[in-house]
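Please find one structure pasted underneath; my questions will follow.
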Amino acid sequence: MTVRVEREDFDVGAEVARLTVGRSDIGAIVTFSGTVRGGSGADAITAMTLEHYPGMTEAELARVEAEAGKRWPLKASLIVHRIGTLKPGENIVLVVTASAHRQAAFAAAEFLMDYLKTRAPFWKKEMRADGQARWVAARECDREAAGRWEEISPPR
Amino acid sequence: MTVRVEREDFDVGAEVARLTVGRSDIGAIVTFSGTVRGGSGADAITAMTLEHYPGMTEAELARVEAEAGKRWPLKASLIVHRIGTLKPGENIVLVVTASAHRQAAFAAAEFLMDYLKTRAPFWKKEMRADGQARWVAARECDREAAGRWEEISPPR
Amino acid sequence: MPVKILYFAWVREKIGKAEEILDLPANVTTVAELMVWLKGRGPEYAEAFAQGDVIRVALDRNHVKSTAPLSGAREIAFFPPVTGG
Amino acid sequence: MPVKILYFAWVREKIGKAEEILDLPANVTTVAELMVWLKGRGPEYAEAFAQGDVIRVALDRNHVKSTAPLSGAREIAFFPPVTGG
């Protein structure tokens, strides 16, 4: 159960290897990588800057990860979130979940992403191709996605 | 959209990089890795051998992948399944899905795994610590997991 | 018309061969009839097909039900429920 | 009692500073009251908090609603809805 906030890029394979090395109790590993989309036409962007609330971010991600560990029988999990200025195609966020079976690993990874999107104090600013900079607006569908976990009891 | 059946191990990070290199239209990448569990006590295993139906396997995986591509707006996908003799902790299967948004990538990866588990002609034989060899029995919960996709209309 | 028959996993082990080419009698027109006919070929077949309802079938590399007509398939495969992934 | 106030993203940009230490009047006891009081500190605050209902608040690094009492929090942060991930 690890949380990191950093400027450097991550390598999905290396992170999975580190999390699972020497273990034979894991049967299923799910990773989610979020990347910067470049958009197109009037929505084309040249870069994205990620600002966060140092201290609260780590605390919030750790709370979210602990909650996932209570809901599903996870063998290991990892959240890495980058900050600073990123170009289209670059990695933003990585979530890894490992469990004995795939259902728990999939559900926990989705849960972590949904909660991270609505609770972790990060803000994205897009640098647009037309020279304008714009703070990204929160998406209503992310609030709905997070809301669904409050009704479902976990499939333990 | 690629399908491979092979003896060699795969590297999750390298496969993701190959699928996404030079692309800025992808926002979400989900990977699923299935690995050999070692079990414990009376269920401890020393190795697992994977047999398949050459020709049909590739055709079935391609059909499953094409079906996922019809149901969700995928930018890329990959299925790699290993054959031969594997030790506890080793990789068995890799599924990668890439889309603009995470919901499609998650759903398609789960769908691919559920269908692969019930349709792709692979059979596992466990070599047990007590010297016995045993064909793994199909799990009813895998049939149920695949069945749920026949009722849901895709969230396009 | 000779047909290629394939066996996988424990079906293969019980029958003792991975494949064979057989000429099917004209009255064997469905998968279920083929399984009954194969059972008559010897005790190893009888044992392999003893639990016929758990055995899965593919005609020319497509999953079919046991009620399916053979429909001129050139390659017929018998195997247990799949356990990959 | 001095309190550390933090501003993030466009709240920070509108106010023109990332943080400040302020002594709050005794009659400011809830998040909502603090937002009203901050609005009175100048046009940049008034603009930042003009759409008070979209601004999110954390007390000592925990999300709270705007109706929450300040309860002696030492660090209060104002920011737009989060957009990470």
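By written order: A, B, C and D. Residues from 1 in each chain.
Convention: contacts are C-beta pairs under 8 Å (C-beta built on N, C-alpha and C of every residue); 3 or more make two chains touch, one makes a residue touch a chain.
Computed from a predicted model, the values in this text were never measured in an experiment.
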Intersection of the contact lists for chain B and chain D: A
Whole-Å separation of chain centres (CA-atom averages), chain A against chain D: 26
Inter-centroid spacing, chain B versus chain A (mean Cα positions, whole Å): 22
Chain A-chain C separation of Cα centroids, rounded to whole Å: 48
For chain D, residues that touch 2 or more chains besides their own: none
Numbers and ranges of chain A residues touching at least 2 other chains: 34, 113
Pairs of chains found to touch, sorted by chain label: A-B, A-D, B-C
Parts of chain B lying in touch with chain A, wherever the complex brings them together: 11-16, 20, 22-38, 40, 88-89, 100, 102-103, 105-106, 109-110, 113, 145
Chain A partner contacts - residues on chain D that touch it in the complex: 6, 8-10, 58, 61, 63, 77, 79-85
Sites on chain B touched by chain C in the complex: 34, 50-53, 55-56, 59-60, 81, 92-93, 113, 116-125, 135-138, 142
